[in-house]
Every structure is written in structure tokens, then in C-alpha cells.
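We just call them A, B, C and D in the order they show up, numbering each chain from 1.
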Amino acid sequence: MWQTFGFEFVNFYFIPGLVVGCIYALGAIGITLTFGILRFANFAHGEVMMIGAYFTWTVMTLVKNGLGFPIHPLVAAVPAIALAISLFIFVDRYFYKPFRSAPTIRVVMASFGMMLVIRSFVQSVWGPNQLTFVPGIARPNETVKSFTNSFDMMILMPNKHFWIIAGTFVIMLALSWLLTKTKIGKGMRAVSDSPELAKVSGIDVEIIIRATWIVGGFCAVAAGVFLVMDLQMLETTMGFRMLLPMFAAAILGGIGRPFGAVVGGLVIGLAEELSVYPWLGNGPLLSPGYKTGVAFAIMIVMLVLRPSGLFKGRLF
Amino acid sequence: MDILIGYSLYGISLLTVGGIYAILALGLNIQWGYAGLFNAGIAGFAAVGAYTFALLSTAPNPYHYGGLGLPLPFAILSAMVLSGCIAFLIGLVCIRLRSDYLAIATIGIAEIIKLFLKNENDLTNGPRGINKIPRPWEHLSEERFYTSAPMSWISDSAGWDSFFDQLPNWWWQPFFCGTILVLVYIIYRLLETAQRSPWGRMMTAIRENEGAAHAAGKHVTRRRIEAFVIGAMVMGLAGAMLSQHLKLIDPTNTFDPSKMTFLVWVMLVAGGSGNNKGAIFGAFLVWVIWSASEIFINSGLHLFGELVSNMDISLLKTRAGYLRMVVIGLLLQYILQKYPDGIIPESRPTSKGN
Amino acid sequence: MKINSGPILDVRNLGKTYGGVRAVNDVSFQVNKGEIVGIIGPNGAGKTTTFNVIAGAEKPSGGEVFLEGANVTARSTEQLYHLGLARTFQLSHEYPKMTALENLMVASKSQHGENIFMNWLYPKLVNEREADVVQKASETLEFLGLKHVVHELAGNLSGGQKKLLELGRTMMADAKLILLDEPGAGVNPTLMQKIGDMITDLNENRGYTFCLIEHDMQLIERLCHRIIVLVEGRILLEGSMDDVRNNSQVVDAYFGSSDA
Amino acid sequence: MKTQIAAGLALCLMASAVQADVTIGNPMAQTGPIPDLVAPMVQAVDLAVDHVNSQGGMFAGGERLNIARADTGCDPVAGVDAVTKLINVSMVTGIVGPVCSGATIAQAESVSIPAGVVTLSVSASSPMITNMETGTDLVFRTAASDAYQGVALAELALAKGIKDIAVSYANDDYNAAIAGVFAEAYAKMGGTITANQAHEPNKASYRSEVATLGSGSDNLALFAYYGSSGITIMRNALETDAFSTFIGADGMLAQEVIDQIGAENLDKATFTTSTSDQTASGFNAWKTLADAAGIPAAGPFVPNSYDAAFLMALAIEKAGSADRSLIAGALRAVANAPGETILPGEFAKAKGILAAGGDIHYSGAAGPQDFDANGDVAGYFSANVVKNGVWEGKIIK
């Protein structure tokens, strides 16, 4: 494949697509679990992702200014994750829980409202301007470059991308252990597959819901931090603009299936980047102006054409 | 005196925009309140209506195709029809999807519509948008209208010129506002009739229990598409009226989902979905809060700054816009929990003959 | 009571498979005009699936269905409704936020007012028809003994009343054939008696034809002229109640598992 | 409780009505896509008003000049609503702002022109504004049209010896307009456009776009707001070595770009901005004032914002009353020659001359600000490169 497409394809289209895909995948895990277990589309998910990144930035800045040494974003993310999870649980307790037995629309509206509240809150506290996360240019890793170059397959990949891809991989492993080996994880999958069945088997749904927010919050903050590691800056609208591709990923992978969401995320990320590859002739296949539309189009096509094949759960 | 005119003109503008939102909310009420279709792509249908109207009614110009200069009522009707056609196509494909899925799909479609409007520069002037959109009543004082039939039959251009000159420059505002309110009233009447009719009964039945409606011989899919299309046509009308009010439309900022889609949902849910009065009431209430809160928050901050002179409130002032959004978001949560069925909840009309 | 010649429903070699599992396998039977036919069988025998396929809720994997001699295989539920085939559900399907009267009015066929434009353009025509529908719905409610709850929301009715409403809906359609899916399920004995009376009344005095699934053998015995026993998707037996009682295979099919 | 709320609201409303003296409306996009660019512009407007009030106020009576501010969010819906409130509730004499071209055109056509109120935009640069009016003279701007800046940028590119270039622009009203003008002018002057593509702002990665564009040329003409896509594109381009030379316009000119990307990576980046003749006395006077107030003197459209507010005050002073209908004429009188030169901050001097019946000619922070028949100004442009970690501009036209 590499010989056919050349390294340009790998370096400029495939790897960036993979990186974006990893971020979508992590975000989509939370969305798919919420959808599977609480049975609603949580529109505030992207904002939690964003506020998690802002918490991380704040921790980094405080440590740097207070203690005088910089810490890695992945370290600073630990307290940020705790905060984001508490936020999720707080929001659930006061804004979502009152609607547990009400029609879905109410809680979706409530999550719509929370989306607005959280974003505006961040904008009023941290301000609407961009914040620098890491200044400078991330050059490709020289070791990898020269090493792969000796095979005539030069890979250009900055360190941040290694962190993102490796980090996503580690989280995947941890998550698969959690979901397949632990009691709570099995419970989550059971509830997600069939809430009626789970109720009969005596699973405490409220505990499962709390676990969902914890896992979802963890993955959301990880996605947020990876996103700002890649962008190297923070911005208050980044949560919303990731939201729809993440929904698309969750739908693609099948609602309620975390591993499906991962595959969906990677597919959406790659599809977006590859849609502008000059497959035919010299110009990009699709005008980059339409790039955002790729995820939406995939999502709609999937919803319509393969509603039951790839998907599981409550679609019809 | 000026102050009084000013305040009334502002009141008229509140009614105008509130009325446009009321039309949107009524359109959504057909889709959600009657048929239970979770359309989260309101901005897309409004954009289709607005662009159709703009392209057909503006004067020819070098920036984009269209500019056909057609009569306004024709352009408004076309806006409704095209919006309905697009809804029909979407309905054919997506109508079987339930609640959240339909919402996500329609958000995606609305974004694709906006991307199209943004990227097809030749047709739509791209992100720069279309300006000089004629506005009813006010357009009469435009040269291209009073020099052509039927206005030219009544008087020549000099006559019209002097006639319009002697009017106060805001003469058309009450008329435009009145037109919109009349439209709201007409749609309200039509929808009330429809809701109380066998059609409304059937729609409610489909919403309440699809299986039973099916077994009672109702063509559920076709009826859903019907409600979706009628709602979209009403939204297209609202889009056309909005473009007349703004006189410039662009794909990105005008049809921002948080102000076009989300706000309309807030209006309908707060007012009472399924109830046309609720939809209208919610639209005016939320718009007045949305618009007037800026005056109150700004002057409140001003007052606060005068009282607490040793505090720097400039930061608060620059962030007032965001604080406003927080307040409105929390207000929505309050209404959702306090009035689960909206402020004016749905009441099924009892059948005729009883 | 007289049984007319010529079947109103003719099911030929009907089959339905779900991914390799044969839920309905080569089922053929007929229902004649004026008859009440009962379908019985143990759980999972394919009774409801057979109903669903006949009523157009699911597509058959094979076979054909004729209604009054016309091939209606795989027609949709609403088309069949207009051709005169109505059905009820095991769990009653009502419109909770609508009154009992409206619940029945919805079921009326050929209402001009269901075309939205008719209401705006010819309100008079719509109102005339609407008066008829109200009349008929009221009469039906009276027949069902639900007159006192005419304006009650269906969501507030008792389970039995909902069951009656379900029956009433099929009456509104003047159906040639009514498929009843367990009319006696979840109903107390008194009401079951009443429902039985109504079905008999409808059959004998108004000429309605029924095909019903039921677990309650007493009800079956009381109502049905003919009984079809369905086991594992196949017709095991077709005949009178006595035939069923005297057939050892039927007993095995029902109690086989407990004997083993 | 309810009465308290009602009383509070009434008090707020009174507070807005009481500030009678002279009020100018200032709709700015404080929320929306570019709040960071707008913040210093708001400060500049406030500074101009401070200067007026500290130098004797308005008219003979020394009345206070007030600012009524409203948020347009760059959005026509909010813009029209905001200006409606300013004109009808705050009863402003003239409008200074809005920021974005879309909101400016919408509010002007929808509200301010029908109401007969002058709009003096601080940064709306769309070429569509030039020929917007028919039969009225109510829309002015202190920022030069993109039509000029795009041409200036094309000349600059060729003068730098850039013979071929790829164009990438954010698909919004401002950047699409200027990219269009640039591409046309550049091709006409003999340059080669190797690719010309819109990109959707606010994406996480532009590496594929950069790779596709970069196959034809080493030079990139980048039209974007730095925050929504500009920095990310430059970063992706530099990471992958797809481009080495960058040119672009105002949207990219911010200290943020240097802070984020690093001065060492920007040695071949040049961005133009609508600016003032930095050797001219107007700019120097402004720079002193801005530095004292802690406002970035050369920031995009910051001097233009000061000029707009100051000019509006001068025009009202010249008109002698808060009568809206007199402002357009007065604005031309104070901004255009002839007359004694007035520099930024010299309100007292101008007031004196006007009181004595003399003519003034404002020479602004951003240049002379002589309005042509369409209410446009020619404006100067500077080419900015990074020197010692900050942008340093050099006048080009």
C-alpha cells in the first residue's frame, strides 16, 4: 500500500487521520455508553471534554507558576479528570436525574441546556480567547525519521502523536479489562445491552450510571487533553465542534458498544482526512470546505442504510 | 416624544422577531408537538427558505446567480415549497429513525445544507452572504418597485418619491410587524383547525401509539413525512420572513444552530409543546427575555459600577454576554423541571359534536 | 347462525423464518364467513407470528394469503385494514392522552378530515362525516358498556376497559375479519365472560367473522366453531374441541415437557 | 420578592434612560468567533470617549459623552437586534461599529439606514459595503476595503519575488472576500496561483489540506483568523515542511501567533494589516496615548476603532447637537480637508477651533481618514514581520 500511495499519503493523510480518529474514538466511548445505559444523546459531552482540557491547563499553569517546574499534560490531567467526573455526577444528580422516567426529549433538552451553560461558564471564567497550551512547533521525531528512512520508508511523526496514539491504546486496554473482567464492567455491558434484563437480574442501575459517568468522564478528559496536545492551544468552542463527529463515531460503531465507538472514531477521523487526498488527478477529491460534512454524511448514510447490521441496541 | 416613539419601535421590533420565532416554533410544533418528530435541523430549513426567498426576490447583482427580482409573494411561496421539497427528500430517507437518532441526523443534514450554502460561491455568494433583500412595505419605496407595475399605474416616480419622503422613515415598521403577526395568526388558526380535526386526531394517535395507529389503518410513515414537510414549509416561511427582517443573510452566523435551532426548542418546550398557544407564547417570552436581558444586564452592571466605584467591573462587562447565556441556560433547566409540560401544556380538544 | 360458503381468509403454505429458525412452517388454513376460528398452541408455537404475517406486520418467508379471494400477501397493515382485516394486540394498544371516544374515532375508515387540506377548504363536509363518526363511536362505546368513560383519557382506564376499547376499535372499521390476539389475557373472569358474550353477540347478530388466539380453553370452547392447534410452527390438528381433547399428540405438545 | 425584581428591572431601565447627555452606540462582537480581536478595539473606543470627556466634554455645556454598548456576536440576527436597541432605547446619535461585515451590512440595511442614523464601522472591510447604499449617505468606515488590501498584498508578494503561491482561506465572510481579491490581483499581475482552496475553520487538523496545497508551491497565502484555524494551519505546515513562506492579512496579525508558534519559526512570515503611516504624526500621537493606556497601538483595527469613536465625537461636536440627521455631513466636514490638522487625543483643540467657527481635518491614528463618495477610506497597509519577538510593521502603501 505504501508503495502505491507513497509516504506522503502515510505521513500527511493517514497518520493525521489516525490521530484525529483516536481523539474522536475516546470521546465517542463516553457518548456511546451514555446512550446505551442512560438512553439519551448527551449533548453536553463535548463541553465536558473541553472543560477537562481547561482544568488540565489550569493545573499545569498553577504548578508552573507556583512550584516553578513544568509538568507533563498527562500528569496534570489526573486532577482534571477527578474534577470533570465530579462535574458529570453533579450535573447528573441535579439536571438529568429528575428526568429519569420522563420522555427522552426532556433530558436531551436538559443536556442541550447544560452544553450552553458549561460553555458560557468557561467563557466567562477563562475568557473566550485562545490559550496557549504548548508553544512552538512539534517537529517530527528525528530518531524515527532516520530509522525508518534507512528502510526507505520515512515516517514523519512528532512526539505528541506518539503520546496520543499510545495513550489511546493504553486506555483501550484498560477499558477492555474493565468491561470484560470486572463485575461493574459486566454490569455496564448488561445494562447497555438490555436494561430490562439487567433490572431482572438485580443490577443496581444507579451504581452502573455512576460508573458510566466515571468512565465517560475519564475518556472525555483524555480526549480533550489529547486534542489540545495536538492543537497546542485551548479554545472554548472545541467541544462542540468535536461533538457531531463523535456522535457519528458512536452511531457508526453501534450505540452502546464502546469498542464499536473506537472503530467508528478511527473510521471517521481517517475518512475526514482522506476525503481531501487527491485520489483522482491533482486536486483534492473533495473541496476541503466540505471536509466537515464527511462525518455527517457517513453518519446519515449509516443511520439509513445499515441501521440494524452494524448497530445494536435501541434504534427502531 | 422621541423616547416614546423609540420605545414603541423597539417594542415593534420585539414583536417582529418574536413573531418570526413564533412561526418557527409553530412549524416545530407540527413536527414535534403533533407528530413527535425530533427535528434538530431547524436552522437548515430556515436557511433554505431564507436563501430561496433572497435569490428569487433580490435585484440582479454581480455577486451571485439569482437576483431574479421576482414579486415577493411568489418568492415567499417558493421558499415554502422548496423547504418542503427538501424536507420530503429527508423524510423519505430519515423519517423511520426514532427520536435522538432523527435529531442527530437532522443536525447533520442542517450542517450539510449550511456547508453547501457556504461553498457554492457562484450561487450563494458563499460566506459573504446575500444583501439588499427586499422587505415588504419598505420595498415599495425602492425605485425598482415603484417604477414598475402595478405601482407605476398609480403615480409616476416623482409622485411616489415625494409621497414616501413625507412619511416618517419608520413608516413601514408597523406594517411589516403587522404582516408577520397576521401570518402568525393565520398559521395559528390553520393549525388549530387542523389539530381539532380528524387530521390532528390521527397525528396524535400516531405519536401516542404507532402500532395501534398502524393497526387502525393509518399509513404511519406517509403521515410522518406529511407532518415533517408541513412543518418544514412553515419553517421555510419563517426563514423567508427572517431574511426580510435582516436584509442580509449569510450561512455561518445567521443560521447558527444555538440561536436558530436550540432557541426555538427552548421556546416550544417552555411554552408547551403540542399547544399552538404555548408555542407562540414561548416564542415571544423567550425572545423578549433574550433581547431585553441585554439592556437590563448592561444597565444593571452600569448601575453596579456607579454604586461600587472602587471595583473594576470592566471584566464583568466584557463577559456579560457569556453570563447572559449561563443565566438563560439555567432558566431553561428551571422551566424544564418546574413545568415539565410547558407553561401552557397540551390539552387535547374534546371532539366536535360533544 | 349460518356459515356461508367460500372462505373469507385463505392462508396457503405460509412460512416465516428468523435467521434459520422456522417460526411458522407451511401453515395452511381457511376462515369462512361468519365463523369463529380459534388458534391454540403452547408458548412459542408461532401463533402471534402467524397473526403478524397475515396482518401485514411482518413479511412472510413463503406462502400466500388471500382475503376474499384476492391475494393480499405481504400487504401492509394499513392496506389490509382498509380491505377489511382488523386486528388487536396481546397487550392492549391505546392512545393514553386521548379520550375513549377519540380512541375509537381514530379507527374509523374513510374520514375526509384526515386530509389536512379538507379541513381548511371543506369544513362542512368534514363536520358532517365527523358527526357520523361520533355517532358510531358513541354507539360502539355503549355496546361495550363503556358509556360512563366516554370522555375519560384512555391512559386512565383499567386494563379490562382498555381491552374492550381494543375490541371496539375493530368494530369501528366494519371489518370483514377480525384477528383477536388473546382477548382474554390478563382479564378477570367476570370481564372475560362479558367479552365472550360480546364476541358471540357480534358474530351471531352482526355477522362478524373472527379468528382468535387464546390460552383460556373455556373461552375457546365457548366461542369457537373450529380450532386449529399450532405446535412448533406447524398445524398439528384442525377440528372441533372434541377432536382436540381426544388427540394425544395435543396433550403431549402441551404437557410433553412436564412428562419428560 | 416579585416587587423587588420589578423594582430592580425598572431601576435598570431608568439607568439606561437617564444617561441622556450625548450617547453613541457601540455594537461590537464581544462574543462570537473573534472576541479576542475585539477586546482591544473596545478599549480603544473607550479611550477615545475618555479623551473627549476629560477634555471638556461635548458642546458648550460640557455634556458627557456616553457609550451604549451592545453585543452583536458577529451575527446578523443579534446585530440587528442590538442596533435596534441602541437606536430606539438608548437613543444614540450615531453608531460606531459593528465589527464584522455581515453584521454591519445587516444592521445598516435593516435598521440604521431606515432610521437615518450614521454607521461608522471600525473594521468591516467587505467590498460589498462600498456600493451598499442607494440614495443615502449614512454608512462610513475607518477601515479600508479588502479590495485595497488584497491588491496591496499581491503587490507585496510579487515584490518579494514570490512567483507562485498556494491560497488557503477560512470560509468566512472576511477571509473569503480578501482571498478573492488577492487571487484575482495576483494572477493579473503575473503570479501563478497553484491552488486556491477554502478550508472549514475550527478543525483539529489541516495536515491533509496542507499536504495537498503544498504539492505545488512552497509559498502559502493564508487568510484566516489566527484563533479559529490560522495558527493550526501554520503549525501543520511547519511541522510537515509543506510551506516555508507565509503571507496573509489582518486576521493572522496577533502576538498570540508569535507566542504560540515561536518567533524562531516565523522568519519567513509576512502579514499585512490596515494601519497608519507609522512615521506620521497621527500614529505617533496615538501610540503615545495607547501605550499610556496599555492598549496594543498597532493591533488590527485598534487604531481604526479609536478613530471611529473620536471622529464620531468630533462630528457631533461640529453638528452642535445630538440631532442624527446632521451627523453625516458633519462627519465629512471634520474628516476631510480643508481644515486645521487634528491629531488623536486633541479634542480640546478641535473643540476650540470649531467653537470659533473654524474647520478641522482629522488625521487619525490609522491614517488621514478622508472619506470618499462611498464613505470609504483609502488607508495604509503595513507589512509586518517578526523582529525581536514582536510584530514590526513597515508601511507599503
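Throughout what follows, a contact is a pair of C-beta atoms (placed from the backbone, for glycine too) under 8 Å apart; a residue touches a chain by one contact, two chains touch by 3 or more.
Bear in mind that the values here come from a model prediction, so they are computed numbers and not experimental data.
The minimal number of chain-to-chain contact steps leading from chain A to chain C is 2. Separation of chain A from chain D in touch steps, taking the shortest path, is 1. Relative to the centroid of all protein Cα atoms, the closest per-chain Cα centroid is that of B.
Averaged C-alpha coordinates put the centre of chain C at 74 Å from the centre of chain D. Separating the centre of chain B from that of chain C, both taken as means of CA atoms, is a distance of 46 Å.
Between chain B and chain D the centroid-to-centroid distance comes to 31 Å (mean Cα coordinates, whole Å). In chain A, the residues touching two or more other chains are 123, 127-128, 287, 289-290, 292. Touching two or more other chains at once are residues 31, 39, 171, 198, 200 of chain D.
The chain pairs satisfying the stated touch condition come to A-B, A-D, B-C, B-D.
Looking at the complex, you find that chain A touches chain D at residues 8, 11-13, 16-17, 19-20, 23, 123, 127-130, 132, 135-140, 156, 158, 227, 230-233, 235, 237-238, 241-242, 272-274, 276-278, 282-284, 287-292.
Across the complex, chain B is touched by residues 35, 40-41, 95, 98-99, 102, 104-106, 108-110, 112-114, 116-117, 119-121, 123-124, 127-128, 244, 247-248, 251, 287, 289-290, 292-293, 295-297, 299-300, 303-304, 307, 314-316 of chain A. Contact residues of chain B toward chain D in the complex are 2-3, 6-7, 9-10, 13, 17, 63, 115, 118-119, 121, 126-129, 131-133, 135, 138, 142-143, 169-170, 172-173, 242, 245-250, 252-254, 256, 259, 291, 294-296, 298-300, 302-303, 306, 317-318, 320-322, 325.
Interface residues of chain D facing chain B in the complex, by the touch rule stated above, are 8-9, 11-13, 15-17, 19, 30-33, 39, 42, 68-71, 73-78, 80-82, 84-85, 87-89, 91, 100-103, 105-106, 109-110, 114-116, 126, 128, 132, 134, 171-173, 176-177, 198, 200.
The touching residues of chain C, counted against chain B in their complex, run 55, 57, 76-78, 81-82, 86-89, 93-99, 101-102, 105-107, 109, 111-116, 119-120, 123, 126-127, 130-131, 133-134, 151, 169, 173.
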